[in-house]
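Common to both upcoming complexes is subunit A, partnered first by subunit B, then by subunit C.
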Partner chain A sequence: MSLPPPTAVLEGGRKAAIQSRRKNLTFDKVSFMAVFLGIPLAIYLVFVIWPFLQAFVYSLTDWSGFSPNYKFVGLDNYARIFTDDQFLKALSNNVILLIVVPLVTVVLSLVLATLVTVGGSSKGQVKGLRNSSFYRVVSFFPYTIPAVAIGIMWGQIYDPSGGLLNGALNALGLNFKDYAWLGNTNTAMWCSIFVIIWGFVGFYMVLFIAGIKGIPAELFEAARIDGAGRFRTAVSVTIPMIRDNIQTAYVYLGIFALDAFVYMASLFPNAGGPENSTLVMSQQLFFTAFQRGQFGMATAMGVILALATLLFSGLVFLVNKLTGGSEGGRL
Partner chain B sequence: MTLLKQKTVPVGHIEREAKSTPGDRAVAATSHVVLAIWSAIVVLPLLWTFMSSFKTSNEIFASPFALPGAWKLDNYIKAWSEAGIGAAFINSVIVVGVSLVLVMLLGAMCAYVLARFTFRGSRIIYVLMLAGLTFPIFLAMVPLFGVLKGMGLLNQLPGLIITYVAFALPFTVFFLFAFFKNLPGEIAEAAAIDGAGEWRTFFQIMLPMARPGLASVAIFNFLGLWNQFLIPVTINAGGPKVLSQELFAFAQQMGYAVDFGALFAAVTVTVIPVLIAYILFQRQLQGSVSQGTSR
Partner chain C sequence: MNVQQSFARRGFLRGALATAVLAPMGGALASCASGGGTTAGPTGTVSDTNPFGVPDNSTVDAVIFKGGYGIDYVDFAGSIFNKNHQGSTAKINPSTAISTELQPRFAGGNPPDLVDNSGAQSIGISTILDQLEDLQPVVDAKNLEGTPIKDTLYEGVLAPGTFNGKLVAINYVLTLFGVWYSASLFEANGWTPPKTWDEAYELGEKAKAKGKYLFLWGKEAASYYLELALSSAIKEGGDEVRVALENLKEDSWKHPALTKVFEALDKHVKAGHFKPGGSGTAFTAAQAQWSNGQEALLYPSGSWIENEMKDQTKADFKMTGAPVPTPSSSPKMPYEALHSGGGEPFIVPSQAKNKAGGKEILRIMLSKDAAANFAKTKLAPTVVKDTVPADGFGSTALVSQTKMLDAAGKNVFNWQFLDLYGMNKDVLVVWNAFLDGKSNAANLANDMQKMSDKIRNDSSIKKVEIK
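What follows is the complex of A and B.
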C-alpha cells in the first residue's frame, strides 16, 4: 500500500489519519458513513419499515386503497375478521399446516441426514454412508425450483386423468381411475402438505448434515465406546448437539406454514380449493385487499398474521429453552 | 450414562471384534434404500415433467407414461413466444440481476459500517434490520402498494427492483455483519497506517477479503429473488411480468384453453437453467449452507 493516499488524508499526514479515526471528523470518514449507511438505510426505511408501521395504522381504518380518504374505525376490522367464517376457516387451515408441516419436515430431514452422516461402518472412525453425496445433491433440487413451478407441476401430477399419480396407481392394479386428489375435500389438504414437504425436506436435510458434521467426532466415539448403538447415538448425541439448527428450522418452517400463499395459489387455480379446504389466511388477505378493495380490513389480517408468527417463534424458543436444561444435564 | 454402559457393553464388544459386521452392512443397505426412495420421489416428477413437455395434449391424456411420439420443440416454441415465457424470462434476468448487484453492494456497505464502527444509534439500526427479518412480508404488502403508487413506481420494473433490494437487505446485512465482524481488524489498521482512506480500505481491502461470505449470501439472494412470487403479484400485477408471474398466469388460463404440453414446457424452461447452475455450483452451495448454520 505505498500508493499515494486520497486527498483528505494527505493534508494531515499519517498521524492525523490514525487520530481522525478516533475523532470521527475527516471529510473522508463523514462522506463514507453518510453514503454507506445513508443509502441502504433510506431504501430500507422507505420500502420496508415505513409500510410495516403504516400497516398498524391502516388496520384501524376503513381505507379502500383507491380513494385517498378514510376514517378511523377503531378495532372494528378485527372484530369483523373474527366473525368472518371464511377467515376462520383459513385460520384453521393454517393451524393444520403449522402443526404438520414443521414436524414432518424436520423429522424426515433429520432421519435422512442421520442416514447420510452416520450410516457408515461402526468400526474405527465415525464415517458417513459411502457414495451418499448423490442423495444430498438430488434432495436439494426442489429448493432451486420456484414454488410456482412446483405447485403447477404437482397440480398436473395429481391430475385425475392424465396425472402421474393415478397412472402409477393404476399400473399397480389399484383402481384410482379419475380420482381427483386436489378436487376432494378429504385429500386436497394432505396432498398440498405433501407438496410443501417435498419442496422443503432437501434444504433442511443439507442444513442438518452440515450441523451433524460440525459435531466433534470424539463425542460420537465416546458414545460408541460407552456402548451406545446407532439409534441411541442419534437420540442422545446428535439431536441435542444440533438442537439450535432444529430450532431455526422449526421457526422458519412455522413462519412459512403461516403463509403458504405461493403453494396454495399455484396448486389450486380456483383459489381456496374444494369448499375452501385449502384456503389460507394470506390468500384471504390478498383477495380482501386487491379484489374486494378493503385495504384496511386486509392490513388488519396482516397484523393478525404477524402476531401469530411472533407468537409461534416465541413458543419455539420457549420450548427449546425449557427442554434445553434437562437435555443438557443428561449429556 | 453408567447405567447405559452396563446394559449394552456385550453388544458393543461383539461389534468391535468382528471384521465387517453384518449389522453394518444391513444398516448401510437400509440407508441406501431409504435415501434412494426419497431421491426417486424427488427426481421422478421432474423427469416426468420434462418428458411430458415434448408430448401433445392427446398423448398426455392417452398415457402418462408413454414416451412422446416425436421429440419436437413445438411446445417450447409455443410457451416461449405465444405464452410470453420468453419475454418474462428476460424480465426476470434483468430484475434479478440488477437487484442482486445492488443489494450485495448496499448490504455489504451497511454491514461493514455496522460491524466495524460503533456510534450512537448503531444498535438501533441493527435491531431494525432484525425486525425486517422477523415480520412476515405480507404485513407490508398492502401499504407498500400505496407507497409505490404514490411514487409512480407501481407496475414498473424499477419499482420491483427497488422493492427486491429493500426486502433482501436485512438478510444480506445480517449475514455479512457476522462476516465483517470476524475479519481481522489488523489489516484495516495496517491500511490506515499506510494512508488508505475509509473508501479505499473498503473497496480495495475489506470487500475482496469478504468474497467467500459475499458468494454465499449472493447465492441465497439469487434463489430467493428468482423464486419470488408474492411481491411481483402484488405490486407489479399490471406491469411487464417476471417469470414466476407469467408462469402462474399461463397456468390460470389453462383452465380454459387446454394445452398441457406447452404448460409442461413452460415449467421446464423455468426449472432447467437454475437446476443446471445448481448442479455446476453445488459444492459451493453446500458449503454456504454449512456456513450459514455455524453462525
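What follows is the complex of A and C.
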C-alpha cells in the first residue's frame, strides 16, 4: 500500500478548486458578491468610514458649524483641548466612570445571573433560586425604561426636600433634611454612577444567564460531585466558560462609560454638575458645538473620544488574551 | 483548504476596500459639507402693501421654537399672510431643538426664511452674525395699519438684537426682569418689596421668624441670581458696569458696585435666607415651592414666570413683580430702572430663498392684530406698545409689568455677553456653589472674572464690541 502523502493530494485538489472558481465568474456569483458584499461594504464606507474621515478633517479646521466657510488651523484644536481644564476635568470624570461602571455592573450582574441559574439548592438538579424567573423579569425592568426617563425619575428621587431618598432616610430617623445628593461634589458622581448601574444590571444579567444556560449542566454536576461549593463553581466553572460574554459586556459598558451623555444630561440639565464633578466629554463636546459654535473644536473632541474608545477596547482584548482567554474573543 | 480560501476572500475584500476608499476621496474632499453661494431668489414688485417685494405664488418656510408660547401666534400671522398675498403660503414648522435641527441647513446654505432662535438649544448668535439679514428695513416699514413700526415699539427693545450696530434679530416678546412675590402674602403680613439690600436683609429675618425663606433656587436656574446681581449692580454703578462686563474687560467683575451686591447676597446665604438644597433641586420643583408652597418670599426671574407656573400657583397668589433692590438708597440709576430683555428672537438668514417673505411675516406679527392676539392668548406683552388693556386680562403680573415699564421709562438696560459667548453652563456651576454656601463673595467675583478672562484671551472666539 503506497498512498501519496495526504497533504499533496489536498494541495492539488485545492489548486484545481480555486482555478475552477476563478474561471467561472458567472452572473450568479458576481451578482451575489455585489449584493451581499458590495452593497453592505458601500453603505459601511459611505455612512461610517467616510463621516469618520470627514470628522477628522473638520477637527483640523476652525469651522463654526453654521457657515460653509472654514480654514485649516492644523492641530491647534487639539492643543487647545489638552490645555483646557474643563475638558481635562471631563476626561478624568470619564476615566472614573470607565473604571467603576463596567467593573461593578459586570460583577453585580454576574452574581445575580449565577444566583438565578445555578445558585439554588445543592441537592438534585442544578437550578437557580426559587422564583428565579420572577427575579429575572423584575431586574430587567429598568432596562426597558428610556435613559432620559431614568435620569428624570432619579432626579426626583434625589430631590432634597420632596425626594423619596431623603424621605426614607428621615423616616429612619437620620437627619437628611435638604441634603442635595446631586448638588454636592462628594455625592453627585456616585449618585449618578448608581443610577447608571441600576439601569444596566438587568440587561447584563440576562446576557450572562444566556451564557450560563449554554454551559452543559454536566459540568456543574461534575464540579459539585468533586465537592466544589457555589463560590468555587462560579469562579472555576462559570466565569471561564462565559469569558467571551464578559469581555463583550466589558467593552460595551466601557464604550458607554466614555459617553454617558444621556444620563448626565438628564440628571444635570444645562451644566456639568456641582463644580463640574459629573461633566463628561460628550457633554463638553455638545456645549462646544451647539452653544459656542465651535464645531472644529468639537469634532476634535469627538476624535479624541473615538481614540479613547478604541484604546479601551484594545486594552480589554489584550488583558483577556494575557490572562489566557480565547484568541481574539468575539464581539 | 481553509487557509487558502480565506486568503482569497481577504484579497477580494481588500481590493474592494481600496477602491471604495479611493473613489469618493477625490471629489468629496473638496466639497465636504459646504453648500453653495448666495441665492438672490425671485423678487416681486415693491409697493406700500408689499414693502419687501414678496414674489407672487411663493412659499415662506418658517421654523419656530415651540416652547412656552407655542407656535400658534405665528400661525395667526401666517394666515394673515396667506390672505394678503394670494397664491402664496406660509409654512410654519415647530422645532424644539433649533440649533441641532438647523445646523445642517445653515451649513448647507439652505436655511429657512424665518427662524425663532429661542430655547435652551438656540443657535449662538455670534456664530451666525454675518449670515443674517439686516432687519432695519422691517422696523422702518409701515405696519398693516400704516404707522412706521419703529414708532410703535417699547423703549430699548431693539438693543438685544443689535450686534456691531446691525439689527439682526427682533425679539418679539418683551421680557422684563425683577423680583416676583405674592401680593396677597405680602399684604397679609404688612411686607413691602425691598428697595435696598439692607431692607432685603430685614425682610429675610422677618421671613425666618415666620418659618419661611427669603429666596430659593433650582439647579438649572441658579443663573437667575446672576441676573439679579447684575441688574442691581448696573443700577448702583451706572452703565459703565455693564459696558465693562459686556466687553470682557479686565477686573470688570471687581467693580465696587458688583462687590457690594455680591457681599449682600453672601450675607443672605450665610444668614440662611436661601432655602438649602437648591443645587440638587430641579428648577421647576423649586419654583413650585415658591409659587405653590410659599416657602420663600421672593423669586428673581423674567416675566415669563407667571405663564410658566400657571398650573402650579396657589389660588389668590396675586403674582406681582418689583424692580430689584440696590446696595445704596441713592443708586446712579433710579430704583425703577429695569433690565428689559427680549424673548423669542426672530432672524432672517441671508441665504434664505424667500427673505422678503420672512420679513413680511415679521411685519405682520409686529402689526396690531397679531400683537394684540399674542398678548391676549399668552398673557405676555410683545415689544409692540399698547396691546395690554388696563386690567391686564385679569393678570396681576401683567398689570405690574406694564406699571414697571411705564415707571422705568427710558431707564431700561440689557446685556448680551452671557448668551453671546455661551457662558450659561459655566455660570451655573459657579452660582450653584455660591448659593450653596461653598464659596464667598470674593471667590464668586474671581470665578466670574476667570470665566471672562478665558474668553477674552481665546483668539478662536470672535468678539463683538458692545456699546
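Here, the second predicted complex is superposed on the first by the 274 of 331 C-alpha atoms of A that agree within 3 Å, B and C clash if a C-alpha of one lies under 4 Å from a C-alpha of the other, contacts with A are read in each partner's own complex, and residues count from 1 in each chain.
By definition in this document, a residue touches a chain if its C-beta (ideal position, glycine included) is under 8 Å from a C-beta of that chain, and two chains touch if they have at least 3 such contacts.
Being a predicted model, the structure only gives us computed values, none of them experimental.
Student: After superposition on the shared chain, which partner residues are touched by A:Tyr179: those of subunit B (first), subunit C (second), both, or neither?
Tutor: A:Tyr179 sits against subunit C, while subunit B stays out of touch.
Student: Does the superposition put A:Ser64 against subunit B (first), subunit C (second), both, or neither?
Tutor: In the superposition, A:Ser64 touches subunit C alone.
Student: More residues of subunit A in touch with subunit C or with subunit B?
Tutor: If we count touched residues of subunit A for both partners, the winner is B.
Student: Once the shared chain is lined up, is A:Gly155 touching subunit B (first), subunit C (second), both, or neither of them?
Tutor: In the superposition, A:Gly155 touches subunit B and subunit C alike.
Student: Is A:Phe200 touching the first partner subunit B, the second partner subunit C, both, or neither of them?
Tutor: In the superposed model, A:Phe200 contacts neither subunit B nor subunit C.
Student: Have a look at where A:Tyr135 lands relative to subunit B and subunit C in the superposition and call it first, second, both or neither.
Tutor: After superposing on A, A:Tyr135 lies in contact with subunit B but is clear of subunit C.
Student: For A:Pro51, select first, second, both or neither according to whether it touches subunit B, subunit C, the two together, or no partner.
Tutor: After superposing on A, A:Pro51 lies in contact with subunit B but is clear of subunit C.
Student: For A:Gly272, is the partner it touches subunit B (first), subunit C (second), both, or none of the two (neither)?
Tutor: second
Student: Look at A:Phe220 in the shared chain and tell me whether it touches subunit B only, subunit C only, both, or neither; answer first, second, both or neither.
Tutor: Neither: A:Phe220 stays clear of subunit B and subunit C.
Student: Looking at the overlay, what does A:Tyr250 touch: subunit B (first), subunit C (second), both, or neither?
Tutor: So A:Tyr250 meets neither subunit B nor subunit C here.
Student: Can you list the residues of subunit A that touch subunit B in one structure and subunit C in the other?
Tutor: Correct list for subunit A: 14, 17-18, 21, 33, 37, 41, 46, 49-50, 54, 58, 65, 155-156, 161-162, 269-270, 290.
Student: Give every residue of subunit B touching subunit A within the complex, in rising order.
Tutor: Against subunit A, the touching part of subunit B is residues 1, 4-5, 7-9, 11-12, 15-16, 20-21, 23-24, 27-28, 31-32, 34-36, 38-39, 41-46, 48-49, 52, 60-61, 63-65, 106-107, 109-110, 112-114, 117, 119, 125, 128-129, 131-132, 134-147, 162-163, 165-167, 169-170, 173, 190-200, 202, 223, 226-227, 229-230, 233-234, 237, 243-244, 247-248, 251-252, 254-255, 260, 263-264, 267, 270-271, 274-275, 277-279, 282, 285-286, 289-290, 292-294.
Student: For subunit A, which residues count as touching subunit B in their complex?
Tutor: It is residues 1-2, 4-6, 8-9, 14, 17-18, 21, 24, 26, 28-29, 31-33, 35-37, 39-41, 43-44, 46-52, 54-55, 58, 65, 111-112, 115-116, 119-123, 129-130, 132, 134-149, 152-157, 161-164, 166-168, 171, 198, 201-203, 206-207, 210-211, 213-214, 224-230, 232, 245, 248, 255, 258-259, 261-262, 265-266, 269-270, 282, 285-286, 289-290, 295, 298-299, 302-303, 305-306, 309-310, 313 of subunit A that touch subunit B.
Student: In the complex, go through subunit C and note every residue touching subunit A.
Tutor: Residues in contact with subunit A: 1, 4, 8, 12-13, 16-17, 20-21, 24, 28-29, 32-36, 99-100, 103, 106-109, 120-121, 123-124, 126-128, 130-131, 219-220, 275-282, 285, 289, 421-422, 424-426, 428-429, 432-433, 436, 458, 460-461.
Student: Please give the residue numbers of subunit A that touch subunit C in the complex, ascending.
Tutor: Those residues of subunit A that touch subunit C are 10, 14, 17-18, 21, 33, 37-38, 41-42, 45-46, 49-50, 54, 57-58, 62, 64-70, 76, 80, 86, 155-156, 158-162, 178-184, 268-276, 287, 290-294, 297.
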